């Protein structure tokens, strides 16, 4: 299919609509991004590439990285993982302390902040040099050794991350954090500071369209069943309190980040990354979701 | 594929495991069901049939009927429907009054009780003879004019349905119920009292595997896009607080009822109905979910 | 003490301040009251009377009546009462369905709507002619046989009382309502429709300043200990989510109603009723609270 | 009145009842207390003393100290204090993170943990040497220069205080903590570690029975109005989720601590301290409350 042509047509249609979103502004490093940035990159399982716009520009992938830490922890810890974090949609804002109290320190799923903090804790337990080892995992997955954390962003997040500190302390009080709190927070903020281009993001996630193998890495990352389960979790929990809306409109598993990125997976077909920094009220890229809705409608891509 | 053989093998494997579920007991009509009942029926989009066990015995489909009323209301009301009910997972028990207050009387989705009550209200507004017209819709859909409400069950539910009366009154206080409260409750309890066999249930839902057309009805029921959206809603909201678990393990959109029935859809492939009355703690058929997990693993059926 | 002079001085001071409250408007009968009405009546335990302004004009006492039904039910049911309703402040808005679910249908206290509905249910169980018998109790208490329900208000409340219907249905589902739901609601809406003047209201509540005896009724209404406990409940629960504020500023047990009335008790000294229809955001008479704060400061009346 | 005789009689009556409470066990320092300890000390405003049992033995006053830090902060900050903490009962367990989120980081009242943390933050801002200056305030108040923090307890609390760390981080995220988080926690854990005998505790709180002046300190601590307001806050918020029960049964303002201590104030009459380490399910001294209920009934002490 000539995806490039479809990209262009939709991008033109969207250019006539005012983007009502707002760029994330809780740290300076995110607020200063040019709000007009717009990039798309699609990689098929046959490794054909299609792109548009600012697809070669780095941006902060933020929460999208939670899928990568989850994949690594699932590989290392296996099904025991699910003793410490659930697989259910959270049904409320992404930081809900209330649910954590009700559920005795067990986060609803690994893609909300509390869940990603538990996953970070698990990785720290498994890895000798957690940050370095994780970065190696991501680089190998994407076949790209240039991928880096952004220290400036990690530091800035840490300075304002009192809500995440509250989450991790609360879970520690329930015994669901095993390592030092500062180390967990440091790993977590680094994790979320990873920068990628749309091109890199789409390639990094291709293994989830290929049932657990990456064309860029020799060994299998996850078995077929585990890979599908990651997709299932993305489908149900990937967009905070907008997961239903995204499933309803786009019909693919995916994950968003407050940097304005979205990645979506069409199993056995392709992985697609979109970037547009202005966020809607639920904290997901406004134009990114609009684009994907039109794109999956046009191409009749939907797992349903 | 020889589904029958796979049914047999899994049923044998499951027969050695103690079913720890409990039959629903809040009304006598459900509590007296033989807990050992077990039926399966699969219908492919090519209308091949595969069955096992008590697949020709009628049971109360209960909440599974909410997908049918939703489909009918979506057909009649179109996208305006979503002004009165959301598409997000509820994330808590199926009757949450709390969320209804937070969201000003708008239910999270049409498959929780509050949402199904709003859908009932919408159908009452549209239909001249709501119960009769709805029954006709279901009969036409399934190509089976013998499908009936069970008056005894509807009456019994009504006598104990104070929690549903609380929900509908609360929504009325927010202006999200337009018709008479007693009429809405009467329609709702009848809706949930529909009885079907596994065979009938699987055929009735076949239109969702066929993108909105039913082989048993001449006209299209829903357009392709709307039909996929119903599947998306089932995927995210079809199993109360176990939707994530079902997606994770089974990987198909589906819906359960407290009568012990489950229906699941493999788009463009088949519709499958399972019935086993003992429920797990989340209120879903215990053995039914176990069966579907093994079946989709064995047949590598999964939308992810 | 020359209370009359103090009344005048404070009323003059308050007349220069803009009253930012809003008259209750959820039923027409309350919304059409002249917002400028302002009445005060104080009765000492020596039966001296002091009044100012519109103190001889009838108004709807609304929730203030909940203290009277509680007193009657406490007299009839004794300490068993507390098996069905708590004595703790609610800490949230006056209709919280959430807490009722958490506490399995047991309202936090008898002065929130749910609690008053349970008290109504208890009275219906005890009384042959609930409404008539309750009215007789109030008339005897106040020594005034002219006190009446306002049928127009009761009917209007009923027509819009879906939230209260939700509460009573929810409690019925937990088994904490024994009588017919419609009868409970009818009694409750009548109860809240009682009309009194400030003079009548102050005299009716004098028994709580006299440790359970009323000068207008020969027999003791409540023993000393029970009477003090009613005061304690008013102190902690009498002003919805503003009970702390009222205790903090006024320092007397009291109860408010959305009709703009407030009654407060200075044990062994006096009972005082104030009426001013404009309510603050918490649903309590704005000027009424301001007056009482200044009055208790000026007269150094405070139980603390 | 011969309080001593009444103490003896009630103590005898209680000695025949099994104390079903449990000693606090979240830190070793509290769990090793002899559960049979029982002390009482009452000081009248005329400085007459009455005591019984282990009234000269030191124990950890824990949360009772929150009234002292509140009094100091109220003296230093005045009414501005109430911009940062409310005066309403919390209505739920003493650590509710949920309410803190709903109320944007403003604790319901200064006697729950979150509120006491904000008060600690305020004192740190005002004081040059917060811990030393606070200790001096308490020593002067009680006329007793031997009162000390217990370093062992403060350290132990800190090591397990992840929940309090969660609270303070959450409030910091809303901007309601101005100083360094570790300093606030350190001050708070020291505050709660103060040790006193019943004798000392009763004398320390005597200023609240004397409308703000202490016989042991030359200057006035709080003006009459502020002193009464502290009593009002204790009445409504002094016993976590059992404040209503305590008001209902005991009828005096008071405050409890998990060390098993309770102090109660009869304005213009006396201050009384009771100590018995076994706690009821709400976290308040079981025998202590029983004693005070019988004592206030026998002596007809009640502000209501």
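We call the chains A, B, C and D, going by the order they appear; numbering starts again at 1 in every chain.
Throughout what follows, contacts are C-beta pairs under 8 Å (C-beta built on N, C-alpha and C of every residue); 3 or more make two chains touch, one makes a residue touch a chain.
In this text the structure is predicted, and so the values were computed from the model without any measurement.
Although subunit C and subunit D share one sequence, what matters here is the overlap of their interface residues, and that overlap exceeds half of the numbers used.
The greatest centre-to-centre gap from subunit A, using C-alpha centroids, is found for C. Between subunit A and subunit B the CA-based rotation angle works out to 180°, given as a multiple of 5. Separating the centre of subunit C from that of subunit D, both taken as means of CA atoms, is a distance of 32 Å. Centroid to centroid, with C-alpha atoms defining each point, subunit B and subunit C lie 47 Å apart.
Taking each chain's centre as the mean of its C-alpha atoms, subunit A lies 55 Å from subunit C. Chain contacts: subunit A has no residue touching two or more partner chains.
Going by the touch rule set out above, the chain pairs that meet are A-B, A-D, B-C, C-D. Note for the complex: subunit B touches subunit C at residues 97-98, 101, 160, 162-163, 165-167, 169-170, 172-173, 181. By the touch rule above, subunit C contacts subunit D in their complex via residues 86-92, 99, 108-109, 225, 228-229, 231-233, 235-237, 241-245, 247-248, 251, 253, 267, 297, 302-304.
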